[in-house]
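Which chain is which? They are A, B and C, in the order written, and residues in each are numbered from 1.
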Amino acid sequence: MAEFLQFLFAGLTSGAIYALVALGFTLIYSSSHVINFAQGEFVMLGGLATVGLLAAGVPLLPAALLAIVLTAAAGIALEKLAIEPARNAAVVTLIIITIGASILLRGAAQLIWGKDYHRLPAFTGETPLEIGGATLLPQSLWVIGVTILIVLGLRWFFGRTLLGKAVLATSHNRLAAQLVGIDIGFVLLLSYGLSAALGALAGILIAPITLTSYTVGTMLGLKGFCAAIVGGLGSGAGAVVGGLVVGLAEAMATGYVSSAYKDAVAFVIILVVLVFMPSGLFGRRGTDRV
Amino acid sequence: MSLLEVRGLTRDFGGLRALDDLGYAVARGPIHAVIGPNGAGKTTLFNLIAGIYVPTAGRILIDGQDVTALPTWRRARLGLARSFQNLQLFENMSGLDNVRTGLHRHEPASLLGAMLAWPAIRRAERAGRKRAEELLAFVGLEAWAEVMAEAMPYGVLKRLEIARALASEPRLLMLDEPAAGLNATEKGEIDGLIRKVAAAGTTVVLVEHDMKLVMNLAERILVLDHGRRLAEGTPAEVRADPAVARAYLGTGHAA
Amino acid sequence: MASRHRGLVLLAAVVLALPWFLANKFHFQVAILIGLNALVCVGLNLLIGYAGQISLGHAAFFGLGAYVPALLVDKLRWDSSLALAAGLAAVGLLAFAVARPILRLKGHYLAMATLGLGIIVAIVINRELDLTGGPDGMSVRAYRIGDLRLRGEWTWYWITGGTLVLGVWLAQNLIDSPAGRALRALHGSEVAAESLGIDVAGFKVKAFVISALYAGLAGAMTAHFLQFVTPIEAGFLRSIEFVTMVVLGGMASTLGVVVGAAILTLLPQLLTGFHDYEHLVLGAILMGMMIFLPKGLVPSLAALWTRWRAQS
């Protein structure tokens, strides 16, 4: 039981991070139908920028907030400079543009922060809590708690605010949204900025547990992408469930089977899901109209 | 034996019954038409016959052979060809290549043979090219052979789609709204083209909203309403049928 | 038809003439790697450019093509050619087995599935330390035909050049055939292709297997030439590199993808002087090219040329 709890805590922690990354993918995909392969780099930027600001003497909280703002600015720049000019390009072209952006961001991060791994101090100490024989890092509580707050916040934003509804409307039908006077350009900028901010937040939350470096974005991004697809691209609730599914499966497989193939778990899940449920767990099945 | 026969054909979409226990037979030879108000189930019928949709119940027979379980491409290889209401040309290909793709079911499609440039395939290529050029001429599109489909105007695409369907030398050609979106001159051209196709021995079934065109062209008409057969017969019989008039005037549905 | 052979003749001429411009071993090495990458891209282009199906996992086939024959020779002392045949058979079988379920997917879902497949293969190669040597890679014996060992830049230059020309010839024959039109047709409209009697699912599988075999062969040749292979060759970034070469040079343009392979193989070599800036510059170039020349380099330049000729 203690063992199971231990794996459960690990799974919930990484699952929450994947959920945040998946929410970022989902947000951008809903508003612009682009899969942003640079999403993982936002996670990396968030963590490293905080490390850099801390080193420059900024206290943790302002450093984290500033890092989130900086990453959001990078997201907005990506939309403005790279996605918008190529709006009518084919899917594969857009995929390569965002991959180019991810290589560029990684290159920039390597220049600024070097190739070493960096460590962020835990927000509230390192003394593990003991629950049912298993140990839980306080930082894991931060990860899970903040993720829950973010999910609730996003629900409120999309369900209750005019701006959130404008984003939703744009994702359902861009033309119709334009006709009722929604500024599509602004909605796009907002979703890229918000998505980058979510990524940065995930990066800051996880950095005290796993260390961070200019390369951490790739795997986190791809697993978040897995989570988004498991949840059926474009569904916010799906992204959260997908993140938890991937995180828990990974933790259980690592614990009970073998840790050598930890990184493969997410991709095995995605293949199984796609082969048997081609639109993900929550996606709608489309029929061609001819 | 009928060229095409459907028995008890039913198709539901969610809670909506788009086609309800329809029986329909198409004899070899003349031009047939399926008409009916919007949502009557005409295109659903086409998509069921072509194998795009799977029927909820019922059977489809081509020349007496039950094809209900066959995928679209196998039905096409039995001699079923069609055009699409919303045009499905290969935009990444030239006019000539679009038509040549229609020849597929008569050509050797071996990948390995193609890669090694086997003489049989090169020969078939030359013959196919010539046949496709003839077909483009048949529909009056010689001038568009080398133009990419994405750069063609609507009226040209309509005829190109028919040429592509004809290239498969179908036993049954199904045209889904061939005149939709065309002006009077173009409609006249399509009318003439369909007559020419039928005269050359291909059986044609068309779905069409333009009553004048249908009444002129078709020898047998099936009228659908709410997924059910309302009437069937010659243009004169259909026109005289009071149920048809009611359906088109939009009254009398209470019963 | 004429233009198809013109391109092939041009490529053959470049292959024949290039050695006069290559000053040293290193130049030859780069030229060979360009040829081997181009071979992958010619196959991948059949899948992406013509059949319109994206794959973000072809490095898996490249990597398997490199590792399987190398292991058979190393561990079981198989004959090189037999091992190569077995390696290609393994690549073909894996591709065939996964193709049907995966290629039912479209767009981003297909991208994700192929990506997942590629990453799983790369992780297996990375983790099976006893077999593959893990992340450090393994050395590969020189290819032997009887007592003859195929070694050295000069030998491999001609083997690569010859294979590339042959590979382009085969691909172009395919494109210009009923089967090739079927591939382009399912790219244009799957439902229309089906309605003309084209077995869409079957042709997707065939295109996938053929492109995997091109990648597998190039992988085997790369391993034998370098006499060394690491899991990086099977990794996600390598897959991305292949797709980028195809898109950069120009989808559905066989010569275009050769140019794309050349540029993307050369670029890091040219940037070695700016080692720290390599990724930054590479990323910027990728983005810029895709934003300003989305159809790819060769088709965009060809269109410019046609317009210029029409005006003058």
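By definition in this document, a residue touches a chain if its C-beta (ideal position, glycine included) is under 8 Å from a C-beta of that chain, and two chains touch if they have at least 3 such contacts.
All figures in this text were calculated on a predicted structure; none of them were measured in a lab.
A.B. asks: Going by C-alpha centroids, which chain is farthest from chain C? Tell me that one.
C.D. replies: If we average the C-alpha coordinates per chain, B ends up farthest from chain C.
A.B. asks: Which chain wins if you rank chains by how close their C-alpha centre is to the centre of all protein C-alpha atoms?
C.D. replies: C
A.B. asks: Indicate the whole-number Å distance between the mean C-alpha point of chain A and the mean C-alpha point of chain C.
C.D. replies: Chain centres of chain A and chain C, defined by C-alpha means, are spaced 31 Å apart.
A.B. asks: I'd like the Å distance between the centres of chain A and chain B, where a centre is the mean of that chain's Cα atoms.
C.D. replies: The answer is 48 Å.
A.B. asks: Starting from the mean Cα coordinates of chain B and chain C, work out the distance between those two points in Å.
C.D. replies: That gives a centre separation of 41 Å.
A.B. asks: Residue numbers in chain A touching 2 or more other chains?
C.D. replies: 288, 290, in rising order.
A.B. asks: For chain B, jot down the residues that touch at least 2 other chains.
C.D. replies: Where chain B meets two or more other chains at a single residue, that happens at 52, 84, 88.
A.B. asks: Where does chain C touch two or more other chains at once, residue-wise?
C.D. replies: Residues 191 of chain C each touch two or more of the other chains.
A.B. asks: What does chain B use to touch chain C in their complex?
C.D. replies: 50-52, 71-74, 76-77, 81-82, 84, 88-93, 97, 100-105, 107-111, 113-117, 121, 124-125, 128, 149, 164-165, 168
A.B. asks: Mind pulling up the chain A residues that touch chain C in the complex?
C.D. replies: Per the touch definition, chain A meets chain C at residues 29, 35, 82, 85-86, 89-93, 95-97, 99-108, 110-111, 218, 222, 225-226, 229, 233, 260-261, 263-264, 267-268, 270-271, 274-275, 278-280, 288, 290.
A.B. asks: Please give the residue numbers of chain C that touch chain B in the complex, ascending.
C.D. replies: 170-171, 173-174, 176-182, 184-185, 187-189, 191-200, 206, 210, 252
A.B. asks: Under the stated contact criterion, what part of chain C meets chain A in this complex?
C.D. replies: Residues 48, 54, 56, 101-102, 104-105, 107-109, 111-113, 115-117, 119-120, 123-124, 127, 190-191, 236, 240, 243-244, 247, 251, 276-287, 290-291, 294.
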